[in-house]
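Here it is, the structure in full.
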Amino acid sequence: MSSSLNIISKGEFDFISLGALVHRLDPGTIPFRKATECKIHVSGGEFNVAANLADCFKMKTGIVSAIVDYPIGELISERVRAMGVKSFFKEFKHNGVNGPNMATVYSDRGFGLRAPVVFYNRCNEAAALLRPGDFNWKEIFSGGVRWVHSGGIFASLSETTGELIIEAMKSAKDAGAITSFDLNYRTKLWNIWGGEKKAVEVISRIVEYADVLIGNEEDLQKGLAIAGPEVTKKSKLDPSIFFGMIDKVIEKYPKVKVVATTLREVLSTNHHSWSAVAWINGKTYSAPTCELNVYDRVGGGDGFASGLIFGLLTNEKPEEAVKLGWAHGALLTT
Amino acid sequence: MSSSLNIISKGEFDFISLGALVHRLDPGTIPFRKATECKIHVSGGEFNVAANLADCFKMKTGIVSAIVDYPIGELISERVRAMGVKSFFKEFKHNGVNGPNMATVYSDRGFGLRAPVVFYNRCNEAAALLRPGDFNWKEIFSGGVRWVHSGGIFASLSETTGELIIEAMKSAKDAGAITSFDLNYRTKLWNIWGGEKKAVEVISRIVEYADVLIGNEEDLQKGLAIAGPEVTKKSKLDPSIFFGMIDKVIEKYPKVKVVATTLREVLSTNHHSWSAVAWINGKTYSAPTCELNVYDRVGGGDGFASGLIFGLLTNEKPEEAVKLGWAHGALLTT
Amino acid sequence: MSSSLNIISKGEFDFISLGALVHRLDPGTIPFRKATECKIHVSGGEFNVAANLADCFKMKTGIVSAIVDYPIGELISERVRAMGVKSFFKEFKHNGVNGPNMATVYSDRGFGLRAPVVFYNRCNEAAALLRPGDFNWKEIFSGGVRWVHSGGIFASLSETTGELIIEAMKSAKDAGAITSFDLNYRTKLWNIWGGEKKAVEVISRIVEYADVLIGNEEDLQKGLAIAGPEVTKKSKLDPSIFFGMIDKVIEKYPKVKVVATTLREVLSTNHHSWSAVAWINGKTYSAPTCELNVYDRVGGGDGFASGLIFGLLTNEKPEEAVKLGWAHGALLTT
Amino acid sequence: MSSSLNIISKGEFDFISLGALVHRLDPGTIPFRKATECKIHVSGGEFNVAANLADCFKMKTGIVSAIVDYPIGELISERVRAMGVKSFFKEFKHNGVNGPNMATVYSDRGFGLRAPVVFYNRCNEAAALLRPGDFNWKEIFSGGVRWVHSGGIFASLSETTGELIIEAMKSAKDAGAITSFDLNYRTKLWNIWGGEKKAVEVISRIVEYADVLIGNEEDLQKGLAIAGPEVTKKSKLDPSIFFGMIDKVIEKYPKVKVVATTLREVLSTNHHSWSAVAWINGKTYSAPTCELNVYDRVGGGDGFASGLIFGLLTNEKPEEAVKLGWAHGALLTT
Amino acid sequence: MSSSLNIISKGEFDFISLGALVHRLDPGTIPFRKATECKIHVSGGEFNVAANLADCFKMKTGIVSAIVDYPIGELISERVRAMGVKSFFKEFKHNGVNGPNMATVYSDRGFGLRAPVVFYNRCNEAAALLRPGDFNWKEIFSGGVRWVHSGGIFASLSETTGELIIEAMKSAKDAGAITSFDLNYRTKLWNIWGGEKKAVEVISRIVEYADVLIGNEEDLQKGLAIAGPEVTKKSKLDPSIFFGMIDKVIEKYPKVKVVATTLREVLSTNHHSWSAVAWINGKTYSAPTCELNVYDRVGGGDGFASGLIFGLLTNEKPEEAVKLGWAHGALLTT
Amino acid sequence: MSSSLNIISKGEFDFISLGALVHRLDPGTIPFRKATECKIHVSGGEFNVAANLADCFKMKTGIVSAIVDYPIGELISERVRAMGVKSFFKEFKHNGVNGPNMATVYSDRGFGLRAPVVFYNRCNEAAALLRPGDFNWKEIFSGGVRWVHSGGIFASLSETTGELIIEAMKSAKDAGAITSFDLNYRTKLWNIWGGEKKAVEVISRIVEYADVLIGNEEDLQKGLAIAGPEVTKKSKLDPSIFFGMIDKVIEKYPKVKVVATTLREVLSTNHHSWSAVAWINGKTYSAPTCELNVYDRVGGGDGFASGLIFGLLTNEKPEEAVKLGWAHGALLTT
C-alpha cells in the first residue's frame, strides 16, 4: 500500500463526511455593503470534500448532517443530490421565524487588492444542535465505508458537535475505515462559546482518532497548540516551517499517519502562488508551485483535501496523491 | 380641519416611524427551493411608510430603529438614506457569527396560481432587543413632529418592543403629534413568544394611544379581539363587513378617530381586485375598485397607509385621502 | 382499491419511466431569431413525470435512458440527480463532432398573441439508438416497482425505441407493475421515419400492454386512429367530445382501465383556461375549470400525468386523483 | 506593390470568403457541465475574416455559405448583415427535427489554469452538403473581387466541401483575385470521414491555387505533411522553427507567395504571450511580442488573418501588414 | 389594382423612409428614477417601418437619415444593417462633448396601472440639422423605388426637416413612387420651436404630396387642424369618430387616397384592446378587435403602418391590408 | 498641525464640493459600438470626493450643484443621498426634449490591451448654466465648513462655471475653510468654448484661492502653463519629474501649501502600477508603488484626493495622508 494507510478496498461508500451544510450568499466582486443581488451557493467545508469526490472523481460518497424542513433546506438538499452525494439527515422543523435555520454565509469574492469579506448568520443553526446519539452509525456504515471525514468548522459549532465527531470517528474505526480531520481553525467560530483553550481541548480529543490530519501552520498552532517557529520572515511557500512542526505533532499524536496542507501566498485576491506539502508515514512530499488566476478562493483548501484523499483511496504513490490534491484545489479556484 | 385630526401645521419632521429594518431576499418568480440567485431589498412594514412619504410625497420623515455594525447594516443604512429618510439608530455590534443580526426575510413573488411564499430568519434580531429607554424621544421630537407611527410587526418581535411603542406614543402625544398604528397582525411572529392572547393584551395597550388605526377585518379580530361577522360568504371587496366591526372598535377605543383598510380580492398572484375604505370621525368613505396587474404584492398595504397619511397631513378632504392611499398602494404593486 | 388498478403497495421504486433526456435552450420571451442568450433546461416528456413524482411528491422514481459521455451528458445527469431520480443509463461515447448527441430542443416561451416556437436538433440522438436488449429489466425491477411509464415522444424517435417500450412494458407486467403510456403525438417526429400509419401500428402494439392511457382528442385520433367527432365547433373545454371517443378506445383496447387528458383553451400564450378529465373503470370524472396565468406552457401535460399517477399510487379517490393532476399541471405552468 | 502580390485595385468586393456559419453556445467562465445559461454567438473561421474586414476595417466583403430556413438560420443571417457582410447563400429547408442544421459549437471560455473546452454538434450540417456547382461564381465575382479566401475547417466538413473550395479558387484566379487559405487543421473534424491522409491529399490540391497560406507549425505538419523540426524544446515564440519549415513549403508549392502565422505561448487561459511572423516573397518579418490579458481566445487567429490581409490589400509595407494582423488579433481576444 | 394606388411593380427598393435614428434607453418595468441598468435599443418612428418591412416581410428597403461618427453612431449603423435596411446617411463628426448627437430616448415600459414614461435628450441632434440639398434624391431613387415614407416626428425636429420631407416627396413623385406620411403628432417636440400653429402649417404642406396618410383622431386634429367630434364619450374602439373626420381631410387634401389608423383602448399598461381602420379610395374597412397582452407598447403604431403598406405593396385586397397592419402591429407589442 | 494647514477643528460640514453631477452609462468590458445594455452610475469628479469622504470615511460632506426636475435628476439625487452627501441644488426644469439636461458620460471599461473609451453628451447641461450669484454661500457655510473643493472639469464647462468656483472659494476663505482644486485637465472639454489659452487664464485665477492643488504633470503643463521637463523618457512612476515642476508652481502661486498627484503606469487596462507623491509645505513625500488588478479605472484619482484630504482633515502626518490617498485610490479601482 503506497501510503501505508490500511484502506479497505471496497465498500458501499468510498467516503462519508460529517459536517454542516450552509447556503452562501455571494454578490461576486461587489462588496455586500453595496450589493443589490447575490448568487445562492450550497457548501460546507466538510461537505465540499464529499461533493468533489463524487462530482469530479466519481466516488461513492455520503454526507451526515442536519437539514431543516423549509425551502432553504429543500434548496440545499437538491444541490447535495445534484453533486451525487447520498445524504443521512436529521430533519428539523422550521418555525417560520427564527429557526432552527440552515446557516447563512455572507461572502463576497473581493477583487485585486480588496480581500474577500466573510461573515455569518449561524444563529440557531440546526447543525449546531446535532449531538451524539442522533445517528445510527452502525446502519450508515453497514454496507462498508472506506474513509470517514470531518473538520474543525463543524467541531466549533457547539458543545455537542465535537462530541458527535468523536462518536463518528470511533464508529468509523470500528467499521475499519480510515479517518481524517481537517483542522480548518476559525477563531471567530470558536470564540462564540469556547475560545482557543476549549478548541484545543476538543480538537485534541478528536485527533486521537484521526489517521489523516489536514491543516496549515496556523491551524496546528491554534487548533493543536503546537508551537510554531520563532521567526516567520520566510515565504509562505517555504515548506520548511510546516515540516518543522510535524515532529511535534507526531510526538503528541503518534497514531497520525498523514499530515498535509496547502501553501498559499496571496499576492492579490486574483493572484495566488500555490503549492502543497504532505508528511506521509515519515517522509515528506512537495507539489510544485504554480501561479493561479483566482476567480473565487473559497473551496481551494477543501479541493486539496479531496484530491489528496482520492489519490490515497486509489492507491496512487504519495507524491502523486499530493499533486492530485494540489492540482484539484487549484482548478477549484478558477 | 377636514379630517378633524388636530395636526400641527409645521415641524422638523412631518412623520417619524418606529420599527424594524430588514433585508429581503427575493428570487423573483422562482420559488426559493429552486433559486440560484436573488435580489436584496431593504424594507420593514413601519419603515416603508416613512420611505414612501419621503420618496414619493417629498415629506420630511424619520425612522427610529436598530442597526448592526456590519456590511448588511451598512447596506440597509444606505437604502434608508437613498429613500430620503433620516435615521435615529441604536447601533449594535455584530460578533461575526450569530448576531445581533439584521433580520432576513425570504420572500419570492409567486406567479399566477402559485402564491408568494414568505419565511424569516429573525433569530437574534437587533430590533427585537430594543426596549424602553433606548431612545431620547424628547431630543428626537425637539424640532417638532407632526405624526408618529408604528405597527404590529414591530410590536410582535419581543416583550420589549411593544413597551417601546407605548413609550414612543406617549412622548409623541406629549409633543403634540398625531399617532397611528398599523395592526399588521402576523400569527407566526406573535406565536414565537406570546401567542394571540398576549398579542391582544399588548396591542390593546398600544391602541389606547393611537389616533389612527389601520388594519383589515382579520387584524381587528386577531389583534384586537373584536368579533367578526358570523357569515363570511360575502366578497372580500364588500365594505359592509369592515364597517360592521368599526362600532365595536370605537366602543372599546373611543379615542380612535380614524380606522382604515384596503380591501383586496386575490384572483391570482398577478391579478387582484383592489379597493379601500375608511371610517373618519363617524363617517365612512370608500375608494373605487380597480383591477391590478400585480408585479409584487409586498408593500401594497404600507403604500395605502402612506397615501392616506399624506392626504390627512396635507389637509385633503377625507374621501381624497382615502383615494390617495388607494392609488398609491395600487401603484406600489406594479 | 379506489381506482380498481391493482397496484403493488411497496417496492424499491414507486415509478420508473423510459424515455429520452434532452437539453432545452430557452431564450424566454424573445423569439430565437432575435435571441442572444438562452437558459439551458433539462427535460424529456417521459422523464418529467418521474422528476415531478420525486421532486414534488417525494416518491422513489427512476429513469431508463441513454446518456452521452460529454459535458452535455454530464449537465443532464446532474439535473436528473438533482430532481432525485435514479438513473439507469446506457452510455454512449461522443466523437466530439457529430454524436451520438443528447438532443437539443429549441423552445422560446412566446408572449401574448405570439405562440411559443419549438424545433429540434435530434440528429444522431443517442436515445434513438436504444433498442431491445439494451437494458436488464429483471435487474432494474428486482427490488420491486409499482408503476412503469413511457410515452409517444420516445416511441417516435426510431424504429427501435417503440420495440424497446414494448419489451419494457412486458417486463413490467411480469414484475407486477402498473403500466402507463402518454400518447403525446408529435406529427413532426413521426414523419421523419414512419409517418402516421407507422405511428398507429407501433402505438397500437404498445397500448396492448398499457393499463393507463394519457392523451387528448388529437392524440387518440392520430396515434390510435380513433375517429373523432364530425363537428368540432364546441369549446375545447367541453369534455363530451373526449368522452365520446373513449368507448371506441376501450372497444379496441379492452385492457385499458384509465384514459385521461387535460382540456386546455389557449386564449393567449399567457392565459389558458384549464381543466382535465378521466375515464376510470367505466366512470368519468372532471376537474373544475380555472384560468391560468401561464409563465411557460411546457410541461403542463406531464405535470397532469404526474399528479394523476400520484393520486392513483396513493390510493386517492378517482375524482381526487384527477384534481391532483389538474392542480399540479396548473402549478407547473407558473 | 509592396508585397509583390498582384492585387486588383478596385472591385465590387474587396474580399469574399467561402465557409460554414455556426452558432456558438458560450456559458462564459462556467464549464458546460455546470452551465444553466449561455450566450449565442455567430461565427465561422472563414466568415470571421470577412466580418472583421467589414466591421473593423470598413472593407466591402462577402460570404458564400449555406443557410437553413429556420429560426437559427435567421439569427445567423441577421448577425452576418449586422457585421456588414453580403451573403451568397444556398438555402436549405429544415425538417423541424434533424436537419439540415446550422452547426452548434459548444465552447466555454475557461479560466486561469482551466483551458477552454470545445465540442460540436455538426450532425447533418447544411454547410457540409455544399458541393461544386452549387454557386454561380461568375455572377458572384462579376462586379470585381480583389481577394478570395477559404480555410481548413470548411475543407474538413465533407468530401464535397474541399472540392467546392477548389472550384471557387479556380474561378477566383480566373477573375483575377488573390487567393488565400487558412490551414486551421482540426484533427477531430478530419477524423470523422477522412483522417490525416485524406486531409493532406485534399489540402494539397487546394494549396495549388493559393497565393497566401496561413497556418502554424502544426498546421503545416498535419495539413501539408511538411516534416517539422526534430527537437521542439524551443519556446513557442521562437520564429526560427516556423521559418525553418517554409523552405519545404515553397519547394512543394512554388506558387505560394506569402506564408504567415501567429506565435502564441499560453501561460494561462487569461494570459498569453503573443507574436506573429510572415514569409513574404522570400523575406521574413516578425511582429513584436506582447503580453495579452485574454478575455476569450476564440477568434485571435482569424483576427490575425484579417489584419494581415487588410495590410496587403491596402498596400502597406510587409512589416506593417504583419503588425496589423498581430495587433488586430490581439485586440480581438479582449 | 385593389387599392387603386398606382404602385410600380418592381424597383431596386420597395420602400424608402426618411427620418431620424435614435438610441432608446430602456430600464424595463423599473421606472428611470429607480433604474440601475438599461437595455439599448435602436429605433425611430420612420425607420421602424423600413425595418419591419425588411426584417419581417423580406422587402427591399432603405433609410435616409443622419449618422454621427462616434460609437453610438456605429452601434446604430450596425442595428440598421442587422435589420436588412440599406442606409443613405449624411455623416456628422462628433466633437466628443456636445454633439452633434444621435438623440437619446429614455423610455421605460411601465407596468399595470403605471403608464410608460418617455422623455428625450434631443439636444443638438444630428438629424435635426438635415436640410434640403443634403441628399441626391435622383441617385437614391435611380434604381427604382416603389414607396417613399416619412413622418411627423422627423417633421417636428427643426425648421429644416419639414422642408427636407417636402423635397423628398416631390422627388419621390417624380420617380413614380407612392408617398406616405405618418402624422405621429408629438406636442412636446413641436413646442420646442414651432408650436401647434407652425406644425399645422408645415404638415399641411407635406400632406399635399402624400398619397397615404396615417394618423389617429388626435393626430388629425392637432396636426391638420381638422375639427373633431363635439362629444367624445364613445369608446376609443368605435371607428365612427374617425370615419367622421375623414371627409374633412379629403375635402382639404383631395389627392390623399388612403387614411388609416389603429384604434387602441388602454385598459392597463399590459392590456390593450386593439383594432384598426382605414378609408381607402372612398370605402371604409375595419379590422377585428382583439385583446392584447402587451409587453412593450412602443412600436405598435409603426408596426401597423408596416403591415398595411406591405399589404398595399403586394396588392392584397384593402380589407386584407388593414388586417395585415392590425396583426403585425399587435405582434410587435409582444 | 502636521501639515501646517490651518484647518478649523469642527463645523457642520467637514467638506463641501462644487461641481457637476452626471450619469455614466457603462456597458462594462463591451465597447459601446457593440453594446446592447449598460449600467447607470452617478458620478462627477468633484462630487466623487465628497461621496468618498462621506461613504468610506464617515465625514459630513455636501455637494453644491445643478439638478434637473426629471427622472434622471431624481435618479441622481437618490444616489447623492445614498452616499450620505447633503445637496445644495439649483433646480432646473426639463422641457422633455432638449434640456436642460443632466450630462451623459458614455464610458466602457476596456479590457487588456483595449483602453476604456469615454465620450460625452454634455449638450445643454444644467451644471454649465450655473453662474455667480446662484448660491447663497453665506447660508451654506453658516454652520461651519472645514474644507471647500472644486475642480477642473467643472471649471471647463462654460464661461460662468469658472467664475462660480472663484466666488465659492472666496466665500470659503472668508468662512475660514481650507480650499482645494483638482486640475483634472480635459482637453476635449476646454476646446469646446475656450481652448488651452482660456483654460490657463481661468485656472490661474482659481488657483490664486487654493490652498491645496491636485494634478499630475500634464495637468500642471496644460492647466497652469508650467513648463515640463525636456526629456520624458523616465518611467511614469519616477517622482522626480513631478517634483521638478513644483518649484515653478510655488513661484507662480506662492499661497499654495500642498501639491499632490498619483503616479500611474498603465501596463494594460487591467494592470496598473500605482504610486502617489505630494509636496507639503516644502517637503516631499512618496507612497510606495504597488501593482493593481484594475476592475474599472474611473475614480482612482478622485479616490486619491479623498484619502489625502481625509488624512489632512484628521491631522495625520503628511506621509500618512499621502498613503491614505494612495491606498484609497487603489481600492476604488477594484
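Going by the order they are written in, the chains are A, B, C, D, E and F; count residues from 1 in each one.
We take it that a residue touches a chain if its C-beta (ideal position, glycine included) is under 8 Å from a C-beta of that chain, and two chains touch if they have at least 3 such contacts.
All values derive from a computational prediction rather than experimental measurement.
*Asks:* If you take the mean of the Cα atoms for each chain, which one ends up farthest from subunit E?
*Replies:* That would be chain A.
*Asks:* If more than half of the interface residue numbers appear on both sides, call it same; otherwise different. Which is it for subunit C and subunit D?
*Replies:* Homomeric contact, same residues on both sides for the most part.
*Asks:* Can you grab the rotation angle between subunit E and subunit F? Superpose on CA, round to the nearest 5°.
*Replies:* 180
*Asks:* Of all chains present, which has the mean Cα position farthest from that of subunit F?
*Replies:* So the farthest one, by centre of C-alpha atoms, is C.
*Asks:* Need the CA-centroid distance for the pair subunit A / subunit F, whole Å please.
*Replies:* 48
*Asks:* Distance between subunit B and subunit D based on Cα centroids, please, to the nearest Å.
*Replies:* Those two chain centres are 65 Å apart.
*Asks:* Go ahead and note the Å separation of the Cα centroids belonging to subunit B and subunit F.
*Replies:* Here subunit B and subunit F have centroids separated by 43 Å.
*Asks:* Which residues of subunit E are in contact with two or more other chains?
*Replies:* 36, 78
*Asks:* Under the stated touch criterion, can you name all the chain pairs that qualify?
*Replies:* A-B, A-C, A-D, A-F, B-C, B-E, B-F, C-D, C-E, D-E, D-F, E-F
*Asks:* Within their complex, state which residues of subunit A touch subunit C.
*Replies:* So the residues of subunit A touching subunit C come out as 55, 78-79, 81-84.
*Asks:* Which stretch or stretches of subunit E touch subunit B in the complex?
*Replies:* Spelled out, the residues of subunit E in touch with subunit B are 29, 110-114, 268-271.
*Asks:* Could you pull out which subunit D residues touch subunit F in their complex?
*Replies:* 290-295, 330-331, 333-334
*Asks:* In the complex of these two chains, what residues of subunit C are touching subunit D?
*Replies:* Residues in contact with subunit D: 25, 27, 31-40, 70-72, 74-75, 78, 94-99, 101, 104, 106, 117, 119-125, 188-189, 191-192.
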